[in-house]
Every structure is written in structure tokens, then in C-alpha cells.
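Just passing along the structure, written as C-alpha cells.
Per-chain residue numbering starts at 1, and chain names A, B, C and D are given in the order in which the chains are listed.
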Amino acid sequence: MSIPARLNEVLNELPAIQARPAGARRVRVDVAPQGLPALLELLKGRLGFIHLSAISCVDWIEDGQFELVYHVWSHEMKLLVSCHVRIAREPGVYVSVHDIHEPAGFFERDIHEMFGVHFDGAPSMEKFILTSWEGPPPMRKDFNTRKHVEETFEWVDYRPDWLKDIERKGGGIES
Amino acid sequence: MSDIAPKYKGSMLRPLKALSFLFREPATLPMRPRPAAKVYRGFHLNDWEKCVGCATCQQICDNDAIRMVHIPALPSDPAKGIRPRRPAIDYGRCCWCALCVDICPTGSLSMSREYIHVSRDVDSYFILPDEEGMHGVRYPQGWAKDENADLLDLKRQEMPEEPPQERADNFSEICEGYDPQTAMLEASRCIQCGMCHDACPAHMHAPEYIRAIFEGDFEKSVAEIYRTNPFPQVCGRVCTHRCETACSIGKRGEPVAIRWLKRAAVDNVPQDRTIAIALKDKAKTKTGKRVAIAGAGPAGLTAAFDLAKLGHEVTVYEEKPRPGGMMRYGIPEYRLPYERIDADIAVIEAAGVKIRCNTKLGRDVTMAQLKGQADAVLLSTGLNKGRSTRIPGSDHPQVRAAVDLLARITLGEAFDIPASAVVIGGGNVAFDIARSLARLQRRAFGKVEVTVLALEERDKMLADEEEVIESAQEGVKLINGRGPKQVVIEGDALKGLETVKCLSIFDEQGRFHPRYDETDVMFHPAQMVIEAIGQMSDVSFLGEDLTEQLEWSRGRIRIDEAGRTSVPWLWAAGDLVKGPDVISAIATGHAAAASIHAALMGETEAREAK
Amino acid sequence: MTDKPLKSHVRPPQDTMPGGAGQGCPAPDAQTRSIWRRIMDDFADHCRARSLFVLHYCTGCGAIELPPTITSRFDMERVGITPMVTPRQADILLITGYLSLKTLKRVILSYEQMQGPKYVLGFGSCTINGGMYWNSYATMKRLDQYIPTDLFIAGCMPRPEAVQQVLLKLIEDIDAGRANAWQDYYRNYDFYLGNQQRLFGAGWNTPTDVIGEARHYGYYGPGTEGEHTRLLAEGGGSAARLAHAEYPSTALTGRIKS
Amino acid sequence: MTTPQVPDPATLAPSEEYDLYFGPNHPGIEGNYSVRVRLKGDVICQAVADGGYLHRGFEKIMEDRLWVQNIALVPRICVPDPVPMEESYARAVEMIGGLEVPLRAQWIRVLMLELSRICAHLFTFGGNAATIGLYTNMFWGVTMRDLFLDIFEEITGARIYHIYITPGGVRRDLPEGVLERIEALLVELEERMPQFEDLFFNNAVVIDRATGTGRMSAEEALAWGVTGPNLRATGVASDVRRDDPYLVYPQVDFDIVTETGGDALARMMVRKGEVVQAVKIVRQAIAALRKVGGPVRCELPNPLAWDLPAGDAYARTESSKGELGFYIVSNGGPRPYRVHVRGASSMHAVQVLEKLLVGSRIEDVAQIMFSLDACPPEVDR
């Protein structure tokens, strides 16, 4: 596993970039927030990374950061480059790359909805999935879904006959 | 709309093609449920005979769909790892993934091929599965345990050992212990069911300390161990490990090596850290109360440790030159190196316990003196005398007690090593003396001639399996199913032992009452006969007055659950009360300490109240 | 949406609750009806049980087993059951598993649009006690808290044969006059509405005049109105408007180039 | 009770345009999904997709469950085609943990993936035909698929949610005789294919309605991030199985089916070709499974005490809808720190659909959606 020379050449043109191979046909690139649009642009223009497979967001709450991962694929090079960016969790604002990769619109909208990250220049930051949701962005680590469920819903308190019978004899459900 | 291309117009008769389907077998099925596939995941089945109520299914359940139901009518046996409870399943949660089946340690859970339940009654969706299935109609079994599907690791990590040829003539420790990596791997096998906790006489927090080892936090593990056991070095090596007998993984595979894990925990934490951890909850203030403890065995020292941590002033009196009792003088060094006992005792001494060795009760100090010096006295003198078979010739000087010989070996006291010996008994003590003697013989004569004669058949041996296997590797012979008849003596010289075949050991009531076939006699030539059939206590030091004051029950001092005797200032613990084994001794030591503390502090509170 | 009433809902009295030992629920007024009315009702039930329309609404994952159930292989048309595209003409509402809160709103709207007698079937674990998604913030946990449910069926998901059985059981119950859970929605509307408000906020409202219908059908009971229905009058909102407001297209208009 | 506030039409400004809610309760919508369209006559001038009706918060609740427990959850993300979900999750975990899948298990997984592809495509045939009013096809497609579900049930113990693929392999070996039964079923399928052809692909109504409907060019498709059969229908020979191969796909002989039309018809033709290719792959898997023995799962630690090493991995799989991605992050704990699912339909069910609908007619909405094979549950997760 190594980074193809062509990719290395392109990556060397940009400052403050760390790259390492991460498995078969996978390269991990860590880049500073301000460098990402240029990186994507360069990858797309020079090496054919035209397919934005996904943008993933990870909430590193202890570091106070969101990690955004842009997975781009080149049909030419048969290579997936994952570009990792870390942005401050507060205020959680970043730039949209919708102008470089059109699919970014969907993922940015999704991340905005689930994590509350705002993307400047995105075509739409409206809710898509959680239109009935008033709580905090649910994918944030400080939102505890189990606690929320316990507070919002009630469970069935089963009282079947066999259980009543066992309880009469001194048994019952153990906690 | 554009015109249809001529190519697709087709013939006018084309619809007639449908006629060709007229005589086909219809795809439609009759309107009744089909039998499901052989591995179908339908409603649960549970074999109540096999199920032990370990609740592992509850732990693996994705959906919190399993509840354990306590059923008082079911048998309960903590020693065997059986709890009177069974899983109940909530079909308002279940997703039929069958992970519970794949993880079930006993293999009691499976899924049936039944899949229909229709009702308005929500209560009917909560069921207690048994072999009959959801509706009491025995549907065939569907998804069940399969060697590929099994999620548990049934093989334990191997313990590195010295090979027989290297260990057969010396007393260096056989088991080398797990390295941290292996210990973590072994700890990962644990399913945290807690059967070990229930089975342990001292109720050690085994699930917790195993979990800590798995997390790589050996110090936390040691802290968990010290909650209930101040002898981790000892118990990590020679414990009778009832926990492993009860272990759920052991129902189908090899139980988690709980004993070795305990050893790994203390082996991987430096002594000074262990002391710091063990004494973290030591009381800051002294109570001013004094406690005297007779006998520095595991029970006495455990009680001493507990009481010292609570702020009492504790003195332990010991007859032998070093503390440790049977742990030191009864267990051979190759199983339990002396420096390991010292390490545990160093922690106890660091708690402030004073140990006075070479002080024999009745000779150097009397009970009356103890009573005078202390607010409470604990007897933990143990079983220090070997029992005799009392067969003809057993009073010959070359008929020796195993405990006596083992103590001599520890003390370094010389005795004539016999070129050939037979050991009567099939327990761990019998093998301890046999293997010790084998080592001495190999050193002195270059060959081994020790025979162990056990009453029990091979598959019912009382001794640990590894003792039997390892002793055979070291050249000890084992003959099963023989009971001693008489010691053969010619003139003054002991020639050997005659045995008869044992037909049965217990009578119908389950009492020890062996029956022999007197015609099947065998002669075992030997220069020494060693009796290892059990120990008894020698309490002559109590003195006449005290002996009379105390209440007795079948030759043992009568005590309450916590170890208090009928004399208000006197408690008893250890092998005198229960056992004999180290972990039971520790358990009784804790109980006695708690009772003493309650009694002493109750007094103080009562006085303060005045 | 306004604040959610956090106070726990009030359960209806047990004797008017649908259910009991899985035998469906006989109509509470069975004894008070005239003989003539009873004969007519029985006859109507008998006929109606043989021609049922299922609302074509794939609410959750169990819907994947519906195409096999209604097509050739398991062919429910044999007993007169077939999909129907509009709620107004449908008799059966299948809740095929979990309901996200967003869908639950639509389900309630659809249910209220359906004309009585109407039947609700809950598919699988999710409708009974939360199922797989018990710890999900996005799904409801117990269907019968929000709309009255005639029958549940075990499974995750139930296979077509099981779906067949629940439909056959429903036919049997209708024929015997036991499938009357829908009346409970009128009799205990306050209970259901309270649970709905608990999830959707006090401003929750639907276009259907349930209380008026209850009076019309003669199912008005002591549980029809209560503290929750009082909020309806105060709030004055409408679900149509709510649905509109939460539709994610600010602006259909904004983006159109004239 | 208040009555809904409906404005009096007379008070509104005259307009030729009107809005229509298409779904979620609509027979022409695929699954529980909704599109709001603005119409001028019967021509759509704007469309806005509305999802979330099937949102269960998978990504959140997966963070709450053990690595092994999640295998029960993943197939539910996409109901019509669950196997690629199981495969992607398992493979991402394997990539992080460095697990080696035994050869036999790899072939079994290929077999399952392709059978699932056949099922999903048959289902879509049926659905797509129904949108043009051809119900016979729907009956046939669904019934044919059901016969494959019987095979799944025999292998895995469940018809839809197989929960069969686990990190490190599969949960159990194939039952005796199942390979023969699959072969027999493939023969039956092949006999049926010409009938599907007659009824659907050579049907003048279908050709007329589907030609040019929802057309996109190769450039558009690439720019919009379209993948899978929809991309191949525009002439781009892109397939994850070939470009970013996993399991034993490098050893498998199959063709990438492409069409050039880029419209609804081309998309259905690609799917038809893919069924044929899938049959070919299944045959190869069967031949391989007859030869390859050995275990079907690598050794796994106790699931209750399984801490995956810290790391991340992005696993891609070619599902029947397109490229499916699972991005998993482990922080070295017993549960995933983050799971991100890139549903295969997330592009063509939202942004692409919105674009394709513009200019098409209201009666084609359902057809366009089905021909794209949008799967709402994997968009909503």
C-alpha cells in the first residue's frame, strides 16, 4: 500500500496536508479547514475525483470538534480519498462545497439537520427528515436518545396470567 | 403521443398466448400456514432442564426484550451455578435475530418453527418460553446452536507450565502465570453472569475484577479483589475455585480461568501499589478496642486485616515460626511459593496487624491472658492434626500423617526419606504429599516410588484434575477404588499395606460408609505409609474451664452464623468452623470480623449513650 | 408548535377499553340496541366481513410483505381483501411496523378520514412495545395509545402467512360483531388525543370533527371530551396548516423562475 | 371543534399553477415518501422531495449497541435489498478490526448478494410495471421473487431480515441440498425471462411511455452523483464490484450492463441485464462453493467484551440501487463511535428526482421514481 505518485504530486502542491494509505484503494488525507475546497477542486480537476461518495460528520465532543470527512472517488484512478477536516464544535460553521460537487447539497443538509453544522453557501439548510422534531440535533453526542425515550414514552406493563401466578408464589421479574 | 412502432404491434392473436398458462400449476398456495424452514427463527424455545438462569441472553439482547423471571419452585444451586430463574421474552420488542440462541452458554435456548400469534391482548405478547413453544403446541425446532453460530469462546487460554522433566526434582513453581496480554484475552471470555460471585464462599467480585482485567486496568482489578479477599496471591494459585465449577461457560466448554486471572491481576501490580490500593479505605481514627486472634492462618489474618482497617488494634498469635498456617505448612512450595504468602501477609501487616510467632496457646500464652488483654478473642487455630485410619498397624512409627510431613518439609526438619511409600487418600492433600515425596525421592535416589491409593473411582476423584495429571507426569502411581485393610509389619519393620476393593463409598442416606469386597486383597510393598484422609482440630489449649463453658456440637464448637460462640467475648473462624479450604476460611474470617466489630462498636455506642 | 403538555395522559376506564383475552371487543351497547337494529347490524357485519379494502399506505418496513400477500402467491383477494388507494373508501388501516413521528401524524389524519366501521391492525413488535427501535428518538412505541387497534400480530416482520391469519381473524371478529375498537376512538377521544398532544404539542389538531362524529354516531361517552379536547378549542390550529408549515419547501414559490 | 381555515378561492389571485402533494399516502409513491409538485396544467414546473417518514435514527441507535448487536439492525435500513447492508457493515468492521473472512464465507456472501440483487430487481420490475398500469407483471415479479425468498429462508432462517452476514464471515454454513435448489430456481427464472420480455420490455405501451421519460445524460448523471444501474443506463460503465472490488469479485466473471438512453426504459433494460448477470454470478458461486470448504467465520471474541481497535473505514458495496457506503468510526470501545450510512438512493431519491421531475407530466411521477428505484428507508435511515 502506498500513495500513487500522481496523487502525491498533487497533494504536495498544497500546504499543511498529511496523507497516508488506509487500506486497499483508500487514502486518508488530513487537511486544515481553509484548505479543503482547494484540495477538492484540485483532485477533481487534475485527477478525476469527480464523484463525491459521501460527507460524514463525526462529533468529537471531548475535543470540542466536528470532524467532516469528504469521501471522493476517481473513476480514472480507482481510488477513494477521504479528506478529513476538523472544525470547532462551536459555532459549528463551515463552507459548502456544493459548487464543486453537486451531491454535497444533500449531505450538508443532512449534517445540518443531524449535527447542527451550518454550511455557508449551501443551496438549502432546511429540514428534510426531522420536520417533526423540536429537540437538539439528535446525532450530537450530548443528546441521549435513551434518556429522551424514557422521558417521552411509556412502556407496556405486561400482566399476563402466568406472571401473576408466579408472583403469587413469591417470584416475579428481576430487575 | 407518438405512433407505436410497427415492430411492437405484434399479431392480433398474440393475447391467445395466455391460454398456454391455463394448464400450469398455480403459484397460489392454500390459505394455511406453510411449515417453516429447518433453521427458521420463530418463537423461542427454552429447555428448562438445561437453562441455569445466567441471563446472558438478556445481556446480548439488542432490544431489551428479555426479562429474567424468578421462579421459586425451581431448584437453586449456587455451587453448581444454577439460579431459579428463566428468561421471559417480550414479543413487543423481539426482532428474532437469535443472538440469544447463539450466545446461550448452556445451549438451552433455541427458536421454533412456529411463527403465528394474533391477538388484541397485549399481555399475550410477553411469554415465558419452555420446550412446548408459544402456544403449547410442540412445533419442531428451528434455529438452534450450531458450531459456526456459537458466539462464545469455549477454550481457555493455556497456562504456561514448566515441563515435567524440569520440575520433577525441585520445588520451584510449576505454573508461570498469564502475561498481561493473555490475561486480557482470557478475561474477554467472561460473560459477566455472576455465577462465580454466588458460588464463592467469600462472594468475591469476580465479574468486576475480570472486567477490569479485560479493560487492562490491573490496579482496578486488584481493588475489586481486595474488597473481599486479602489473599489474592494465595487464592490466585491454590484456591479450590468453586467459581470455575459454577462458571456458565463451563457448562459446555472450559470455564473462565478465574483463579489464574486473579493471580494475573496481583502479579501485574507492584507490591507498593497493592498496599496502597488495599489500604485505601482504612479508617483514619483508632477505635481504642483490642482484639486478640489465635492462629495466623487465612481466617485469622483475614479477620485481623478487616478489624485493623476498621481501626481496631489487632494482635495475632501463632505457634509456628512464620505466619500463614496451612497455606505455608500444608501446601507445597511448587504450588504456592513462600514469598507469595509473604507478599499477602505484608499487606496485612501494613494495615497495622501485629503478628507474634512462636507463641503457642496453652504453652506461651493462655486463653485467660488473651481475654485479659483484649476486648474480643477470635479462635482460628484450624485443623492441625491428621486423622488416622485406625486400621491394624496404623500406630507404627513409619505410618505418618500427611499434614505432619508437609509441615516438616516446609520447616526444613529432616526425616528419613523412604525409598518407597504409599499414600492413603484421594484428595489434594494426598497428592501434595505424594508429589513432595516424589521430588525428595528423585533427589535422593533418582527414582520415584510413591503410590496413591484412592477410595474413589478415577472419574469421581476429590482432588483437582490437574493434580492427578501432573502427579502422573512426575512418576506418582495412582490406584483407584482401594480401601486400606491393614499395615503389614514384620518384626519392627513396616513392609507395606494391604488394601481391599471398595464397592461403594456412601450408604443410602448419603453418609460416608464404605463397603468393601474383603476377598479382593492387594498388597502394596512400602517403607512408609502416609495417611491423608482428613484433618482434625486440637483444642486442648482452651483449658478445662473454657471447654466446659462453651457449647459443643458434634465435636465442634457451637457458633452462630457469624462465628460467635456461646461465650460472649469469644469467636471462632476458619477450618474450625467450615472447610477445610482457604476461601471458606477467608469467608468465615470476614463474618467473624464483622460480628466482632458490631459487638465492640455496639458496646461503645451503648457506653456513649449512657 | 407550542409547549407539550407533559402531564401524563389519563387512561380510560377499564370496562370501556377494547380488548380482553384477545377476543376482540363486543360493542358496549350490544344489550341496549333494539332487536331489529341488532339483526340489521349482524347482517351488515356479515356482509362487510367479506369485502374489505386495505388502505394502500406503506407506513413501515412490514409493507414489504404486503405485495406477496395480495398478489398471486398468498392471494388475499380470495377472501375479498384488496388494496384501496384512498382513506375514505378503505376499511382497514395496516400499520406495518414502526411509525416515525412524522408518519404517525399522517396515520392519524388518514385514520380520521376513514369512515366507520374501520379496523386497525398492528404489525410486529414495533407497534406493541417499541420493537427494534425502542431506544430511538424518532419512532412511537405503542400504537394503541394513539389510535385504537383491533389486532396485533407477532413478528419482525410477520410473514405473509401470518398476515393472512391476522386478516382471517379480523374477518372472523367482524362477522361476530367483535371488531369494535374504532368506537373506542369516539368514546375515549380525550385519551387518544391526550397521547397525541403529548408527542406533537398542545397545538396538535386535526381537520376532522371527532367529537361531532361521536355525537352523530351515538358513541359520545364520558371519555369523549376532557382536558385535552378543551385545548382544541383554545389552540384553534389545524393539522392541515401544521402539515403545511412543516413541509420543507419554503419555498416552492421562491425558487420558481417565472 | 374548529374547522380548517381554507381560504376562499375567489379571494386568491388568478393562477395557472397549483401545488399537489404526491404522497406519502399515495399508491404511486414508492414506499412511504412524498414529493410536493407545482403544476402548470399537468406539467410539473417544480418538485420538492420530502423524506423522513421512515426515519428511525439508525445512526444514533447503532452507537448505543454492541458491534455484534448491530448486525440485527443493519438489514432494516433498506428493506427491499437488505443483504448489501449486512455486507457493508460487516466489511467496514472487518476493515477496522483487520479480520480475515474465510474463502468459503466470501463465496457465500457473493451468493447472497447476487440473490438479493435478483430479488430487488424482480420487485422493481413489478413496481415499475404497475406504475404504467401493467399489473400482471407486478404479480409475476413479486411471485418470482417470493420463490427466492424461500431460498433465503432456508439458508438464513428468515425471509426478509436475514441477519446472516456477521463481521468475520457468515453465521452458519449452507444447509444440505440448497445449491441444487438454487440451480433449479435459476432455470425457472430463465424460463420466465422471455415472458417478462413479452409482457414488459417488448410491450408497445411500455416502450412508448418509458422512452424519453426522466432522461438524463451521462454528464448530468456524473455531476449529480448518480450511481448504480441509473448511471449505467446513461452509458457509463461504472460498478463498485469492478472498480473497487470486495470479497471474491475479482475472480468473478461478469459483464457490466450499460445502455445509452438514460431514460426510464434504459434503466429497466439495465436491470434486466443485471438479473441475467446475477444469475451468471450465482452459478459461479455455486460452482465455487462445491469446491471450497472450510470454516465460514473467523474466530471472534466474546461479543459482550469485544473492543474493536480505534480507527475508521469506508466500505462501499454495489447494491441493486447503486453505491452503498458505510463509514464507521471506532474509538476502541465496545460500540461504534459513529456509523454513517450513505444510502444508495440518497442521490436519485432526492436531488436527482427533483431535477428529473421538472418538465415531466404528473402521470410520470410514479414511473420516474420507480425507474430510478428509489428506496426511501435508506434515504431516511
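Everything that follows uses one rule, which is that a residue touches a chain if its C-beta (ideal position, glycine included) is under 8 Å from a C-beta of that chain, and two chains touch if they have at least 3 such contacts.
These numbers were taken from a predicted model, which means no experiment stands behind them.
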Longest centre-to-centre distance from chain A, chain (CA-based): B
Chain pair, B-C or A-C, that carries the greater number of C-beta contacts: B-C
Whole-Å separation of chain centres (CA-atom averages), chain B against chain C: 58
Inter-centroid spacing, chain C versus chain A (mean Cα positions, whole Å): 37
Where chain B and chain D are represented by their mean Cα positions, the distance between them in whole Å: 54
Chain A-chain D separation of Cα centroids, rounded to whole Å: 22
Residue list for chain D, restricted to those that touch at least two other chains: 50, 52, 55, 57, 60-61, 64, 72-73, 143, 161, 380
For chain C, residues that touch 2 or more chains besides their own: 72-73, 100, 102, 128-130, 132, 134-138, 156, 159, 247-249
Overlap residues in chain B, where contacts from two or more other chains coincide: 27, 62, 90, 92, 95-96, 122, 124-125
Chain contact graph, described as a line, ring, star, complete graph or other shape: complete
Interfacial residue positions of chain C with respect to chain B in the complex: 18-25, 72-75, 78-79, 125, 128-132, 134-135, 144, 149-156, 158-159, 161-162, 164-166, 168-169, 181
Residues on chain B engaged by chain A in the complex (per definition of touch): 67-73, 84-85, 88, 90, 92, 122-128
Chain D partner contacts - residues on chain A that touch it in the complex: 22-23, 25-26, 50-54, 56-59, 69, 71, 73, 75, 78, 80, 82, 101-103, 105-107, 114, 128-132, 138-139, 143, 145-146
Chain D contact footprint on chain C (complex, rising order): 55-61, 63-65, 67-68, 71-73, 83, 85, 87, 98, 100, 102-103, 106, 110, 132-133, 135-139, 156-157, 159, 205, 207, 209-212, 232-233, 236-241, 247-249, 252, 255-256
Touching residues (chain side chain A, partner chain B) in the complex: 156, 158-163, 166, 169-174
